[in-house]
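What follows is a pair of complexes built around subunit A, which joins subunit B in one and subunit C in the other.
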Partner chain A sequence: MTANLVQFTLDGTPAQAPAGTTILKAAQQLGIAIPTICYHDYCTANALCRICVVEVKGARVLVPACTATVQDGMEIHTQSERVQRARRVILEMLYSTVDLSEAPEIEAMAAAYDVDCQRFPQAEPRRPPLIDDNPMYVRDYAKCILCWRCVQVCAEDAQYTYAINFKGRGYETQISTFYEVPMPESTCVFCGQCIGVCPTGALKFKRQYLLEIGYAIEEILQMTRSERGGRRRRAERSA
Partner chain B sequence: MAQSSSSFEALLTSLAPQGRTALLPALHAAQETFGYISDQVAAQIGKALGVPLAEVFGVVEFYTLFHRHPVGEVLLHVCNDPACALAGADTVYKQIVFQTAESAAGEGVSTKVRVEKSPCLGLCDHAPAVLVQSLPVKASPAQTWQELVAATATRPLTYVDGDVRLLTALCGRHTTVRLDEYRRHEGYRALEQALQSPPEAVIEEVKASGLVGRGGAAFPTGIKWQSAAQAPGSPKYVVCNADEAEPGAFKDRVLMEDNPHAILEGMLIAAYAIGAAKGYIYIRGEYMLPYRVMQRAVEEAQAAGLLGERILGSDFCFEIEIRRGAGAYICGEETALFESIEGKRGFPRLKPPFPTTHGLFGKPTVINNVETLANVPLILRLGAEEYRRLGTPQSPGPKLFCLSGDVKRPGLYEVPLGVPLRHLIEDLGQGMRNDAPFQAALIGGAAGAFATPEHLDTPLSFEGLRAAGIPLGAGVVTVFDSTRDLRDPLYRLARFFAEESCGKCYPCQIGTQRQLEIMERVLEGRPLPGDWERLQDVGWTMTDASICGLGQTAASAILSAMKHWPELFQPAAERR
Partner chain C sequence: MLTPDRIVSTVCPFCGVGCNMQLHIKDNFIYHVSAPFDSPVNHGNLCVKGRFGTDFLYHPKRITRPLLRRKPQKPGERTQAFDLEEWREVSWDEALDFVADRLVEIYRNYGPDAMAVYCCAKATNEDNYLLQKLYRALFRTNNVDHCTRLCHAASVVALQMAIGSSAMSNTAAEVIENDVFILTGSNPTENHPIIALQMKAAVRKYGAKLIVVDPRRIEMVDYATLYLPLKPGTDVPVFSAMAHVILKEGLYNREFIEQRTENFEAFAASMEKFTPEVAEEISGVPRHLIIEAARMYATARNAAIYWALGIPESTHGTANALSLINLALLTGHIGRRGTGLNPLRGQNNVQGASDMGAMPWHYPGYQRVDHEENAQRWERLWNVEPGGLNRRRGLTTTEILSAVGPHGVRALYIMGENPMMSEPDLNHTRQKMSELEFLVAQDLFINESGAFADVFLPAVSWAEKDGTFTNTDRRVQRVRRAIPPRGQSRADWEILCDLAKRIERKLGRRQSAYWDYSHPAEIMEEIRRGVPEYGGITYERLDREGGLQTPVWDEKHPGTPYLFAETFPRGRGKFHPLDYVPNAEMPDEEYPLVLSTGRVLEHWHGGTMTRHSWVDDLYPEPLVEIHPHDASTLGIEDGDAVRVTSRRASIVLRARVTEKTNRGVVFIPFHFHEAAANLLTHDQLDPLAKIPEYKAAVVRITKARPEELAGRPAPQPRGRI
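Moving on, here comes the complex of A and B:
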């Protein structure tokens, strides 16, 4: 076992961990917290939000702590200036893009990194209309941070159902069914796994949604399946 | 269009056994047959290849050459990037749109012609560039679209010259070198030579030559081959990266169109060296002509026993398949390119692991640029020592430079690495096109940085440019004279990256969009207070924290301009 231990320093403190340990886990064991957004213990890690980046001496660019593993002799800095700038700017850019009002973990991070939520005036946010097309859940992609978790649990990470994938690319990317068909016409089996992993309230059980928009619990319980399954989109509702 | 729906179905049946990797070829066939990809056709393809429907949709949506809705019978692409902008591309675009709208009003043909703005078409020396039905024509602002469509038969000819003519010995003559002619010029001699020595010796020779990759990342080729050769796992693959889409780059197009067998020979030698039996050439979707030329060259080589079983009487077997991209700059990034061949959206993978151990289909893979591979037969023919006489000790060999913009003679120039930038612009390119003096050159393409008059004596070598803070990249030099407002190309580059970001990682997905919005204000001369700091923050965050080279260089040219010309980023009123 000891043969497989690697030695490194984390924020100046010498440490060791079994080879193959991610920087994130190694730091956790030393009581050093590194923020994460896209990472989830039960999903394939894609290292795409980049909030967990740390500075490794000698590396040209910052490395994602959630997937990069500790190596012998590594000198890791989790709070260098470059790291702090990257985290702050990523959060500021997220605020300029999506509705984070139901993402308390991100809000806490914003406070910790001195984030100006209004940093980007005149920025074009992503505000697609809410999709309410089935009795079980609503999809409000104005809150979607493209963490990919829902796509992954619907596919190889859990369900092998492949109901959802991506529409567009770059800034215009949105989670979508095949040719944007309503959920009931897709391969979705309404297992609810995607709702369970969504970190921002973009996917939400219908009942919770109906409560939030002002229905009383009795009213909701009395609704028929098709009444709950309406196709109202946010734009139509406000019209 | 070329195919009928029954021949499409036959093709789909023949592709079916390949499964998912045949997804892009099937979508290309559908797009060509029907003019777009309907949900029914997409579902048919998904079922035939065993790909979940939502994922077929995801792929259709990723690539700009695939359309969910019908497009016109005649499709025109007008280049929108810096070199063409200097030559009036915006006017060409407006003219064509205006004319087509006008003729549509008169004749009721509104669905017949569709005009799209396109990223660099690799025809920068023929600016302003236009593709008509995927084939190149040189435009002028005075042309009608009917004239443009009628002109498709003539292939724009790139001017090729230089201090040495090794890679381009048979290029620039306005004909494609066919197999028999290639063989008359010592073609495939290097392959014969390689087959007579052990693979390790071939790798040693390439290592000794000091060849570094010509695709932009400047990685030593011999070391790459060695690690793929030593990697456990089989089969192994050789991939030729012909996705050339860097704004300002057209060297790989010329090599493919003029001397395709040199590239095949390089691939064969690489395959022999690492023990690969299958290779792919991935050609960007906009390069229809190079695709046809390469396809014919592969057929010639097959017929002559240079591809297939027991090549040249040896035990070595190798086959090559050509794949077309479909409108995504990111697919030039090596791991995104693998994903694309595998039938997926072009999302870059995390590295490590690297392609030499986990490449195409998860197998050990060597991926090299077209020009890198074209150097290989040369190295074996000359011998590493002789090859190294060219260039500098750290940057050996000849290099192709794509010169465009405000020079008298844009073209493709072959020089030994290390000649000064001035030589390329003033001697080979014959200096400035108009009376105005040199202001700047964008070196390395969109992912590059600016050279100013002070840099004119900088040697064009990897180390020489690096010392000046400029990447050599793939060898792109776009020249601007002193009358040019550099905010225009800077804005275009920002738009290019916003359009081409794959959207996987936050810094680049959002950063390219915010950068574009700020550059729009800068272009109009009305930046907001704080925009300078925003550009810096966004730029450095993309550079430091993005997953791949696209995001890591998406701010490179802008940050370089901020250093040289801070006044460009001030409000118009405050500038002097």
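Moving on, here comes the complex of A and C:
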């Protein structure tokens, strides 16, 4: 990266940053927080959720701060009315289809942007059934906001395993294994990197899930412990 | 949504990478494990064992009360007791008094040579320090060793001979600064999964070229520029032929050789015979690949070598490691950032246990026991009368068991190890274990070794105690107590202090070696005083700064990310002339296949931990990997029951037909007591390092009847609640 500095203004304050710095990072350095959802410091930014959009004078559309870089002479507004409205609508649309009950950061954002969670009462919530196809973790895509972090850490951002990706299009889009095979039949190595980056609780340790739905710890340990051992012990008891 | 009672930062208890992890706890139950993204070790990543495999500590078979055998055991008639019916629950006082009485009695009757101890590369630095102190200061013996002998002993010996230090010379994350790196005798995607991620990134994102030299077609071959599929045990010819090419083509680093090495002439002369043609003949690696690899390594700006147990676990393991060290010295690819020699250590704390003197030839800090001034220094530190400490080198792990008998080792103390799974030629091990007069096991479970014991002392897991681990790149990190000990189990350091005080009293020692620690931090204070490399390590610093890479000479010293920038510990790096020595067993008509043993991603060593975890569901039974060509010759199909027979024993297990193993080589993981791979291996040792040849026993494979699978249930769909 070159040491060339570019000059710009951010919310009216003149500032400079090395060329190539994203608007998000430049703002952070100036102490201005831009909200993010799909963005993660240790994942590649893809500007999928658009919550980080900012207004750049002269630009036709709002630009995502996580991928757009600062340029000479840029005049950036992070809290203009247009920006606020865009963020509010994004959140309202998320609320209309996704279960965000385990995404405290998004809930806080909704409060900050004065979001009406019932803005689109006719919208059809996405409620696919919980997928429990492996011993280690469950996938509840009713909570998934398609931020893509799990797909990325499964690929080049960490694991190079490529077990999951998008399937379907538009409203039907969902994270899935190829041909929806159960996780143990995929290339998954059960590293759990995906759980580590999931922002909404869609991916969860099976034991945590069982604890949350009310099982006692001893019951959970028995339910999830080696089935073969259990079967053998049961066979011995009945013999 | 659950709110954790607390989130505890600690270090993963499995492999030597030393990943930082956070345990999320509710009602003392670890329900979620995360990793900090700002960790310099693992950047938020974990593997299946660290992420999911920590539940072994809740397993119902875990022993949480001290146990004594109901039936007194006699040497030669010692039996294994897995059933709790054969044990009696006792109080800690009774158990520790009994152990102290018996150990002191045997020490009085037979002297220091009758005493021996296996320390533990899973336990903390503090635990290991105390256990070797107990045996050295109280029982005056150096018969102290641990599983490092079975893993990197030959690498340690070779590095000591050539350089004078025996750890990884780089930080693992430096791999992204390599232009070229050689990976040999190592399968990091399964055994060092987080280092493997960094290696993959080095290739895919940072443009490094990877050369894999391995008898198995491991996953990293997919990322390699060159793959040299050598026959097991032909490492010296292949790497020496690379040296031959580098010498012939003048690609060596004259300046480095002149300024920092010695014995170049003798070495160069001995490389004369290793032409690429000769190496191809012996190793089966096409000569052009050897030549290309030599040029690629020698002409790189920054190059490094990474190896694991495929190099040392051989009867010529020291020579194997020397052949790699020679290459680094020849090209000067050591002592700069992104260059170096890196033995990837296996256990979470094998580096630390070695640093702590859990070895028969060294006090803590690799201070040789047969050097008078070292003995005197430790006598002062431990309040031992002048001349009290034993100056003779002790027995190694394998030698300890071989020496069991009426005039040899009588009493053995095992902290957390499982020689009945991890030693070579297990039938021999079984025989020797049964001949012991007294055996103490300190562990979580009654494993195959603990079942032989007279006394079982229930210790705690890593999540129930404080301490430090030292990972493969010499990083000392804090292990923190996350939950209280289960049942009556106790931290190893507490057990050892209580036991040592009893022994000291019974021996009537006038001065105590000191055992009144109230916290492991105080043990670290004592370690600092005796081990200069740990001089600057305090718990307060570890809590504030995170991990510190040894050597850390004083409290101001920042630690050492890479070694040998100015000089080698022995002064000049020494070249070693080499000859090709075949494996102790070579394939023949009767035993045409070479057996390699090792680990799989989902399991850990003897299985005491992972086979008591739900990750067992992911890899529930032993499998022998065989190449499709060999399988079709033998009429074996994937999933068939087969019998694998060596000169010592035979086991029955299912076959997995896969191109992951090359023709003529089969692979069996050694985690499974149902078909223990080490029944087949032999106990021929490397003459210098005393390490057994786990990677090359010859075997034959025949079809077996499915019912011979000893009641193992058919593979089942995994997963459902």
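In this section, the second predicted complex is superposed on the first by the 220 of 239 C-alpha atoms of A that agree within 3 Å, B and C clash if a C-alpha of one lies under 4 Å from a C-alpha of the other, contacts with A are read in each partner's own complex, and residues count from 1 in each chain.
To be clear about the criterion, a contact is a pair of C-beta atoms (placed from the backbone, for glycine too) under 8 Å apart; a residue touches a chain by one contact, two chains touch by 3 or more.
Just so it is clear, the model here is predicted, and its values are computed rather than measured.
> After lining both complexes up on subunit A, report clash or fit for subunit B versus subunit C.
fit
> With the two structures laid over each other on chain A, which partner does A:V61 touch: subunit B (first), subunit C (second), both, or neither?
Touch partner of A:V61: subunit B, not subunit C.
> Taking the superposition as given, does A:A142 touch the first partner, subunit B, the second, subunit C, both, or neither?
A:A142 sits against neither subunit B nor subunit C.
> So in the superposed three-chain picture, is A:V89 touching just subunit B, just subunit C, both, or none of them (first/second/both/neither)?
The answer is first: A:V89 touches subunit B but not subunit C.
> So in the superposed three-chain picture, is A:A123 touching just subunit B, just subunit C, both, or none of them (first/second/both/neither)?
So A:A123 only meets subunit B here.
> Thinking of the overlay built on chain A, is A:M223 touched by subunit B (first), by subunit C (second), by both, or by neither?
second
> Once the shared chain is lined up, is A:M183 touching subunit B (first), subunit C (second), both, or neither of them?
Only subunit C is touched by A:M183; subunit B is not.
> So, A:L30: does it touch subunit B (first), subunit C (second), both, or neither?
neither
> Nearest CA pair across subunit B and subunit C in the overlay: distance in Å?
The answer for the closest subunit B-subunit C C-alpha pair is 11 Å.
> In the complex formed with subunit B, which residues of subunit A make contact?
Within the complex, subunit A contacts subunit B at residues 46-51, 53, 61-62, 64, 67, 82, 85-86, 88-90, 92-94, 96-97, 119-124, 145-146, 155, 162-173, 176-179, 181, 186-187.
> Give every residue of subunit C touching subunit A within the complex, in rising order.
Counting only subunit C, the residues touching subunit A are 1-2, 24, 26-27, 29, 31-35, 37, 43-48, 51-52, 55, 58-59, 193, 197, 200-201, 204-205, 601-602, 614-618, 620, 711, 713, 716-721.
> Can you list the residues on subunit A that touch subunit C in the complex?
41-42, 101-102, 104, 132-136, 153, 156, 158-160, 182-184, 189-193, 195-197, 201, 204-208, 210-212, 217, 221, 223-228, 231-232
> Under the definition above, what is the set of subunit B residues touching subunit A in their complex?
That would be residues 39, 42-43, 52-58, 61-62, 68, 328, 345, 350, 498-507, 509-514, 517, 521, 528, 534, 537-538, 540-541, 543-547, 552 of subunit B.
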